[in-house]
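Chain nomenclature is as follows: A, B, C and D, assigned in order of appearance, with residue numbering initiated at 1 for each chain independently.
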Amino acid sequence: MSAVIPPLVLPFVSERAKKTLDKLAIFVEKECIPADAVFEAQLGEGVDRWKIQPSIVEDLKNKAKALGLWNIFLPKNHYENGAGYTNLEYGIMAEQLGKSTIASEACNCNPPDTGNMEVLAKYGTEGQKRKWLAPLLTGDIRSAFLMTEPDTASSDARNIQLTMTKDGDYWVLNGSKWWSSGAGHTKTVVYLVMGKSSPNDPDPYKQQSVILVPANAPGIKLKRMMSVFGYDDAPHGHGHFVFENVRVPASNMIVGEGRGFEIIQGRLGPGRIHHAMRAIGVAERSLEYMIARASDEGKLAFGKKLNEHGVVLQWIAEARLNIDAARLIVLNAAVKIDGGDAKAATKEISQAKILAPRVALETLDKAIQSLGASGVSQDTPLAAMWAQARTLRIVDGPDEVHSQQLGKNEAKKGLSLQRKIQDQKSITSNLMDQYEVRDESPTKALL
Amino acid sequence: MSAVIPPLVLPFVSERAKKTLDKLAIFVEKECIPADAVFEAQLGEGVDRWKIQPSIVEDLKNKAKALGLWNIFLPKNHYENGAGYTNLEYGIMAEQLGKSTIASEACNCNPPDTGNMEVLAKYGTEGQKRKWLAPLLTGDIRSAFLMTEPDTASSDARNIQLTMTKDGDYWVLNGSKWWSSGAGHTKTVVYLVMGKSSPNDPDPYKQQSVILVPANAPGIKLKRMMSVFGYDDAPHGHGHFVFENVRVPASNMIVGEGRGFEIIQGRLGPGRIHHAMRAIGVAERSLEYMIARASDEGKLAFGKKLNEHGVVLQWIAEARLNIDAARLIVLNAAVKIDGGDAKAATKEISQAKILAPRVALETLDKAIQSLGASGVSQDTPLAAMWAQARTLRIVDGPDEVHSQQLGKNEAKKGLSLQRKIQDQKSITSNLMDQYEVRDESPTKALL
Amino acid sequence: MSAVIPPLVLPFVSERAKKTLDKLAIFVEKECIPADAVFEAQLGEGVDRWKIQPSIVEDLKNKAKALGLWNIFLPKNHYENGAGYTNLEYGIMAEQLGKSTIASEACNCNPPDTGNMEVLAKYGTEGQKRKWLAPLLTGDIRSAFLMTEPDTASSDARNIQLTMTKDGDYWVLNGSKWWSSGAGHTKTVVYLVMGKSSPNDPDPYKQQSVILVPANAPGIKLKRMMSVFGYDDAPHGHGHFVFENVRVPASNMIVGEGRGFEIIQGRLGPGRIHHAMRAIGVAERSLEYMIARASDEGKLAFGKKLNEHGVVLQWIAEARLNIDAARLIVLNAAVKIDGGDAKAATKEISQAKILAPRVALETLDKAIQSLGASGVSQDTPLAAMWAQARTLRIVDGPDEVHSQQLGKNEAKKGLSLQRKIQDQKSITSNLMDQYEVRDESPTKALL
Amino acid sequence: MSAVIPPLVLPFVSERAKKTLDKLAIFVEKECIPADAVFEAQLGEGVDRWKIQPSIVEDLKNKAKALGLWNIFLPKNHYENGAGYTNLEYGIMAEQLGKSTIASEACNCNPPDTGNMEVLAKYGTEGQKRKWLAPLLTGDIRSAFLMTEPDTASSDARNIQLTMTKDGDYWVLNGSKWWSSGAGHTKTVVYLVMGKSSPNDPDPYKQQSVILVPANAPGIKLKRMMSVFGYDDAPHGHGHFVFENVRVPASNMIVGEGRGFEIIQGRLGPGRIHHAMRAIGVAERSLEYMIARASDEGKLAFGKKLNEHGVVLQWIAEARLNIDAARLIVLNAAVKIDGGDAKAATKEISQAKILAPRVALETLDKAIQSLGASGVSQDTPLAAMWAQARTLRIVDGPDEVHSQQLGKNEAKKGLSLQRKIQDQKSITSNLMDQYEVRDESPTKALL
């Protein structure tokens, strides 16, 4: 796999990362992808799906540990035992993980646990680390991050309404959360909950806190699990919770009261790169299906294989081009983050966030269309990958929010560009005199 | 300008190239762009437009020489006095050149002269170099490349029909050529003409030759000039020629009889990078117009500036994203060529060839729509840039030809991908037994 | 609802049809749509979903009968007791049915039963009608049409491989079928099965037959149910069958041996109009959700309601335009069929088949994006409608097959259009002489 | 041509209109289209292009009169001698006119004269009619409508700044106008000028007036002609005027002071239908070129005719579908206007205004791409038609203004749709109780 790293990217990939990438690619192709269907079969049907952790995942986790593919997401600056890959390096690994349903968890690199581990590694107290980070790093427990709420536009975290009220050495939580991914997992024993702890703080970005809540705390009610298209995404799933007077020790607060924004912002940049690169992996895998199907001699259209049809060849060419462009955009963002200034990478991260799922969905759509009925069914991974990728245009803020933000930032150059064009027009005007030709353009209109 | 090189690209740009880039960017912005309208005014109207070389270009040429911006396109391996920039480095310079009508010629970097100079530098005899290359390098003469023919699909050069017949020490040429860019220029004194010299060679790729033909050779008739969306593209223009018994000394043959393909192929790779990067420059300049217009307080829509309208902000964001992606795709191709294996870069070059004009046209369309009536008129450079960019989807082979070729190459992986998926299914099947779960997928169907 | 029939359509809608339409629209809005969620809740979870017919459907069926909305799909020329609406009239009714999951069945207008009833009404013997058509018309039984096969490109029915072998007074069936919609329903007691009965007939369009097979015939194995983007589409579902030596009385053959093509072709024209108009209904309902969401004051983005955001307004405007255009295209096809010449309507039917699902999917995508997480979940009908609409681009032949066929038919005009343009050029040439002006265009090139 | 009227449209076309349509179609195909190139050749080059009216147009005008194709645009309710076709009927005729550069003028149906004649017929005094309408109806003079201004967003007419000041029996005009189509024509002797006559009227829609200004009035300076892409659109062109103390008799005021809005609004509805249907004609003609080129055996790609390439067939199919849909949308708007309530047709007219040029441009783009270099040049009508069609997305208000307006109008249904959905949820809730199943959807969230 390291042999096909784009030339523009090569200087940023160490030999160590190349070796890990190659090992990972084989692990995903030969072990994880074949295991995906077994995982699904082990889950079974109906309510049982929430009651087990398929044994095949645990077996793969042990293999990943043995292969040195465990926790490869974790950078050294967050954790001394971190794998120490750059965001770009882990990015190209995440592309491989994205091709399989269970590869990420097999390598302990699945969201939301990765983000939660980063938060704990970076901000946790020693006690918090011992209690929650250690077993997360070994894969013995799972966690969830409870941020989104059903009744507010909570992609703007200032709108969050779950209340946290101080009561002695405890915080008391009341409110609702949904789309809490990982909530269904039998191993999920802790939630990182974002709430409004300091409603009176004049700075609206300092009213929120993130606190650790044991999953079995009294007062937490799992109202139901949300489905995505027709998928329940068991065994982790997406929970809809109600919190009624849930009491949590004050020592469970992360970093400190009012620092919720700081926590989620540090969490989002690299997380978006991971999401985006997994989406690239999804796109690559769907392109593989499309190309394989196009060479199938058993299913001809108008007497020809699909790869003898110009329209399908164009789909393949467009997919190849779009995926290659999206990968460069995402890795360019990763390099910018690696350059040390994650905040300066806002533009690049937004671009990655928008483009990768778009390309994945376009490629999946064409792959599904190439495969026909198989494509929409349980017989290929395409339909499930599509449903998953579709949510990426919504989670962490819909595309349009990022797009508007990008547009506004670019538009800030408006006045200086007006001046630049005006200056050029002035020079032109002088040159017209100098070269003794007539200027016919309007005098007053700017453009 | 060197300050905004994308992080992924930075390792490939030398300090010397950065300095040249910065000088060039200022030269284009402050001298060339303001001169564009003067150049057009000096051309005047009607048939006079073909009779002059506006003096402002000659003045700019002298400035460019003084600034060290002359002949920056020419790599060292082609010519000992070449500027010696890599394809990537010259690529980011070409982006700047693309923003102005006359900047390329001001720096002696305008097609088709650049390609012709490369051909002569690489393949020319000493005599040919002395006679034609030397004055081309100084900008004293101009040249044209006559390849396209009106009555054949000549984007496949095997179809070329202009005949070259040996008659003693002469070749005699008969046939038609059109879209011969540069043909109208008063300074154009030589044509590189591709024709069929060896129709009986069994290898269809060895039947063509390229020969140097003085513009004033008897028998050459300039039938007319072609227009592009109403533009005559004076003073260089695009000629439609008829050749009737045009006699050329055999010593004018380049490299040797039957080596025409070799010549045009060497010419195309870097040329496409140049075209593509100039198109990126066009896109950037049109985005500047769009953003400037969007901040205009004098022309409100529904009582608001355009940059307060979500639709326009989205246009700006999309343009920013698409341009950034296209630039990375083109520069990735440039790096691959710089890696020494231009032939291995076919895929990357085709991607660049397709994507850059597409993005330029999309951005121009939105810029034109933002500016309204000004955008389609002579008052902004947008309409003319659009017409120019539109031809890029056709010249050197229409997009679809490249797209089909890309698709076919990708599709070649079909059988190995079928096998890969089948292998994964076999492993799955074994795992199903091992984990004692039931496999319900169809046994026979591939996918 | 009759008040918003487009002016171009009005002349084709009788007063009787308007009244039925208005009654139906209210029935769908006030009774069926509210019942959809109850229907889903009654189905429950897991394997139980295949064991019941929710009682609410039976109650709605009685209401529909009482309201005169029962069997409104059935034209008089097929059945003396048919409702007698034109394809256009039933088309605008089908739009209403498409808005609800269960409205079609509530009115006994659900596929595949409608098509099957039409086949039986048109081609069935008296015995077949008595046994199967009568209880289908009363809604007491359900049926399925088994055509698609897992291992062939069966959208071209000539590829069908299930064998029918004559054995005395019986036909013996062997082979596989999948995507047999309706197969899961507890009430489904009969399958119309297409197979290859006459493999040696020299006419490849006369090798297939359609035969009636009781669902409980020995040798039929329901291998599994197919899912669509995670949805099982219970209680009817889509079955994957294996036929092993299934014996059927020869009297069950429809019309006669070798007439399978005739049967499916008569079935497809009106069926595609129904599908398309239900898709228009889906689009309308999703637009309603988008518009309702856009006015929600509880969920603001950047401090504004979605309908104060230009991008969302543009989505709404585009949806309105696209839906209105698609409706006219579909109804234009319906009028052409009503004109009596269904075969001459091939172009129009293909256009309807392509455009309606495309518009439905585009509108749904924007509606989902507007609603965010709710849109992809079980909380709105959008996700399920999307999955359903996505299959319409595949069933009855993928879009691309129809598109290529359309393109080929149009392209047949090529030579006559060449002649037309050449004739115009000749006239121009004469006029040039007559008006004494010079013609500069190329003489030989056609265009 | 009447034989291919879509079935949905047929009931609206009288036998008389069908006959005229057929005659017109032949006139356009056999006389006007062949004359287009002659017209262009007669215009010549440079400044001479503004000095002549090519004689071929005058000859065609006489032919059109003889054939009964003169003034077919003019409805009876505007003028007793009007041709009396409905908007729909003239619409399908305008489609034919759109295929040729000069057909519209040949039939005296060219803008802006048509709109100006309608204004004079509807609002003019007897004196105004005698002086201006009579010679316009005979085609002896031409006119222009001066509305757009260079320094304001004048697509919102309230922004118009040209001042009209009463001075005794005269109005004195000061200001600038541009994009005044028809201004270049040697026969244009009168301008309808919109200006601000009543700046103090409290109603911003009553501050403007339209007045008749002789083209030779002192103080009018034609600053320059605007070009569209590289086309000057001679001989009529688009003028940029400066008005300095231009004195006009008060009797030249149309209808009355402050009634400018009323005048332009009456002018726009049918005018937009005309524009849109001509654009449909443009699309049809470009499709003809694409199909003809695709059958060209002389220019093969990959050894095959273009119509053997799937991608081109798809282009053709899409073009056919899009054109057919756009035509129905435009004619649906025409029927609505014909129904008597032009104001109620705002939605339909906007849809027509947006869709027809979009489809024309898409079809032209594919046609140009099919024809390659010929397509962008003077050798086919495609490039010029493209430039013309591109302006339609801007004139009379850019698409986006119409789109936002459409979106806002649809969005007004927001609250009632919220209620409708809430009501359905309430019914669902009751049904859940009644059928004794559990409702799991969120209680508070609307959607």
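Here is the rule we use: a residue touches a chain if its C-beta (ideal position, glycine included) is under 8 Å from a C-beta of that chain, and two chains touch if they have at least 3 such contacts.
As the structure is a prediction and not an experimental result, all values here were calculated from the model.
J.: Is the C-beta contact count larger for A-C or for A-D?
T.: By number of C-beta pairs in contact, A-C is the larger.
J.: What chain is the most remote from chain B, judged by the mean position of CA atoms in each chain?
T.: So the chain farthest away from chain B turns out to be C.
J.: Hey, how far is the Cα centre of chain A from the one of chain C, in Å?
T.: Centres of chain A and chain C (C-alpha means) sit 37 Å apart.
J.: Can you check how far apart chain A and chain D are, centre to centre, with Cα atoms defining each centre and the answer in Å?
T.: Distance between chain centres: 48 Å.
J.: Among the residues of chain B, which are close enough to touch at least two other chains?
T.: Residues 151, 178, 298, 309-312, 314, 378-379, 400, 403-404, 440, 442, 445 of chain B touch two or more partner chains.
J.: For chain D, which residues count as touching chain C in their complex?
T.: 6-9, 11-12, 29-31, 33-38, 41-42, 55-56, 287-289, 291-296, 298, 307, 310, 312-318, 320-321, 324-326, 328-329, 331-332, 335-336, 339, 347, 351, 354-355, 371, 374, 378-380, 400, 402-404, 406-408, 410-411, 413-415, 417-418, 420-421, 424-425, 427-428, 431-432, 435, 437-442, 445-447
J.: Enumerate the contact residues on chain D facing chain A in the complex.
T.: It is residues 150-151, 178, 223-224, 240, 309-312, 314, 440, 442, 444-445 of chain D that touch chain A.
J.: Please give the residue numbers of chain A that touch chain C in the complex, ascending.
T.: 45-47, 148, 151-153, 155-156, 178-179, 226-232, 298-302, 309, 311-312, 368-369, 372-373, 375-379, 383-384, 386-387, 390-391, 393-395, 398-401, 403-404
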